[in-house]
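Following this line, the structures themselves.
Okay, so chain A shows up in both of these, paired with chain B first and chain C after.
On to the complex of A and B.
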């Protein structure tokens, strides 16, 4: 018995389309999760106490339950509360919510790590609150949390595989189906692992480039 | 008699139940260098931060060149809070230099100096850079404009912070222990810049432990202890004999540590 990757390779156009779905869903969900995570962290820090407690509960519930179960409940349980979503929108929403909880914790630590004196210095030269957020807080925090952001984005990349349970036509679903149709599971799974690994290496490399560019901005003293 | 640059009237400040400033009365003459001295916890940094409006006083009035800062008198010992635009207008007369420099690490030295010119005053980048380069030259760093704070020594960072404050042409420059985070060999370069500023006739208010500097550059010494202004006068009077016993005790601890070269 020998492995024959050509059986899987013959379905190349299908695989390419699944590859593309994985990439764009990952990128869009990651961007939305970063934005939502930032808003959650900012509201927890600067909003009223009740909102902080409510959002803390949100973060803890999301972080405390498996993504698989969250996604299952969203897609199959959603219609019971009037939320019927197609697979791709449900997948995007699920990943955004899941990722936002982790990103918000990264940003929370980032907010806490900015020395208060940097904000006082900005107040002293007359920057308004909005200008302080835009010109000081966000750029400083970006450089502080970038490594963790890249790390979380890589985790999210691999989590896209779970979208297969709600029939999102991404890599795992499509390549897995080809494997079962052709009785070539090992070949399909090996290829899948290579695909994900390549994507993770690529995103890690891009993240590394960004970190290198920001390395000059490290904190002084 | 001209209006004082800063006038502090019966200022109290509490953090929770701890009263840190207990009825401070002080006036800072225009064009003078005033040094605030005192042991740790005496309230001198809090007083300076109140003048910068980084802390709000609990009661009393602070006037900057005759204009009330933050709060105005409303009769019968009460006071009203001024509008945000009034506060901004008065605060614009003040520049602040911190112990920890507080440069923004994601901007170059020039970027730090020009940030407020561009973002707050809406100045064109080229005009702001011209001012920025001039101020950096003034503190002896004309060749360091494109360096990030992490690429500069502590003394250079503090001089950039001084240039950042100067770029906005404040009437009054406040220093909160500007050399306390520096190695002794880097202290001199910062003190020299401050000495030059004092000679130009700018109003400086300096919280410092550099007693020798205070005695030689300061025209006025204010000695605080336990939230009260204990002594207030020219250095010759304050440091001349006979000295106040509390000051004597304070100076001894400094001389014991060999930190002061007292005149």
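On to the complex of A and C.
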């Protein structure tokens, strides 16, 4: 067996645009999933009981089924209920829904870990509800959940590869296609694997840096 | 959905469970070796183990599966796609399980090991009677979690042509034009299996807890 990696580099512009797709889909889906996850967690904690049970079912179903099945339901099943989406919007929506269930569980634990004394103290000194959320809840929770948020964001980065199966033109699909056309699939996949590895290590490193920067906001127990 | 088609789905679900179970078991064995290497004071062992864990946790499983599936024939190793799929799943889960086990072994209270030293246990006896049982008990929740992750991740082996639950749902929805039905049924079966595994896990934890209090 001989490996020739130069074949893959001849298609550089194509790979660059696929890389861009992977990155922006990952970032947009992660931000939307964090926002949706926060809303789900907040509604479960402060909303009525029936809503809590309904959202719990949502979280359990999403977390108990494979991402690929969810994507297939959305992409191939969607048109049967009037939801015809192109691959990229379908991928974005699927990843947002999938991620939101996991993020909501992280926020749920975060809500539960904030010492009630802090809220009571804030009420005692006369802070309004909005002030309590802005000055106590959000900053304390950010510190509590940041490591898990970073971890989940990195998991989602790897999950973007699955979007290739519903033909989203991201790295795995494009590099795989180039590899097949050039009869250099193993070379293409090896480079792809090393690339994802570097990306994941880099994200982990940046996440660790952010945690260190924000650690001055950590409260004492 | 006719009974015949539902039986096909159940058969495929059985295959998903079987392939996942084999992968988890092989992954546990490899994970133990990687964990032992990573905990070793010898750099020659610990550095490759660290690289292994980082690599297999840093590359998407789908890419690992596609690579292994195509690399084996390129190296002249011709195996059925099931074997390639199990190899991919096992190598990946081994990295995660090695980290779980490392956490377990590192959490064994030092005092217990010192006490075992005092009563004159050999290192092997300490491992067999003190460190391994405690580490196993500590890592059981993580192991159950990993089983559920692999059950769900096994849907990706449909891509390398193994007929399991996801691939069966794909085939049946293509031939009947009813993707909503078959993917929902597949999702329901995955959900049921995951709940069963989670329930079995908490049962095992409770049984072991009563065992330890006696």
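Simple rule for what comes next: the second predicted complex is superposed on the first by the 219 of 221 C-alpha atoms of A that agree within 3 Å, B and C clash if a C-alpha of one lies under 4 Å from a C-alpha of the other, contacts with A are read in each partner's own complex, and residues count from 1 in each chain.
Here, a contact is a pair of C-beta atoms (placed from the backbone, for glycine too) under 8 Å apart; a residue touches a chain by one contact, two chains touch by 3 or more.
Remember, it's a predicted structure, so these values are computed and weren't measured experimentally.
Of the two partner chains placed by the overlay, only chain B lies in contact with A:120; chain C stays clear of it.
A count of residues in chain A touched by chain B and by chain C gives the higher number to C.
Look at A:11: by the touch rule set out above, it reaches neither chain B nor chain C. In the superposed pair of complexes, A:100 makes contact with neither chain B nor chain C.
In the superposed model, A:164 lies in contact with chain C only, and not with chain B.
Within the superposed three-chain model, A:136 lies in touch with chain B and out of touch with chain C [touch as defined at top].
By the touch criterion defined above, A:21 reaches neither chain B nor chain C. When the shared chain is aligned, chain C comes close enough to touch A:193, but chain B does not.
By the touch criterion stated above, chain B contacts chain A in their complex at residues 52, 54, 88, 91-92, 94-96, 98, 100-106, 115-116, 119-120, 148-152, 154, 157, 161, 164-165, 168, 181. Only residues 115, 117-118, 120-128, 131, 135-136, 139-140, 143, 214, 216-221 of chain A touch chain B when the two sit together in their complex.
Looking at the complex, you find that chain A touches chain C at residues 1, 60-61, 64-70, 72-73, 76-77, 80-81, 158-162, 164-165, 172, 176, 185-186, 189-190, 192-193, 196-197, 200-201. Those residues of chain C whose C-beta lies close enough to touch chain A in the complex are 54-55, 57-64, 66-67, 70-71, 74-76, 152-156, 158-159, 166, 169-170, 173, 179-180, 183-184, 186-187, 190-191, 194-195.
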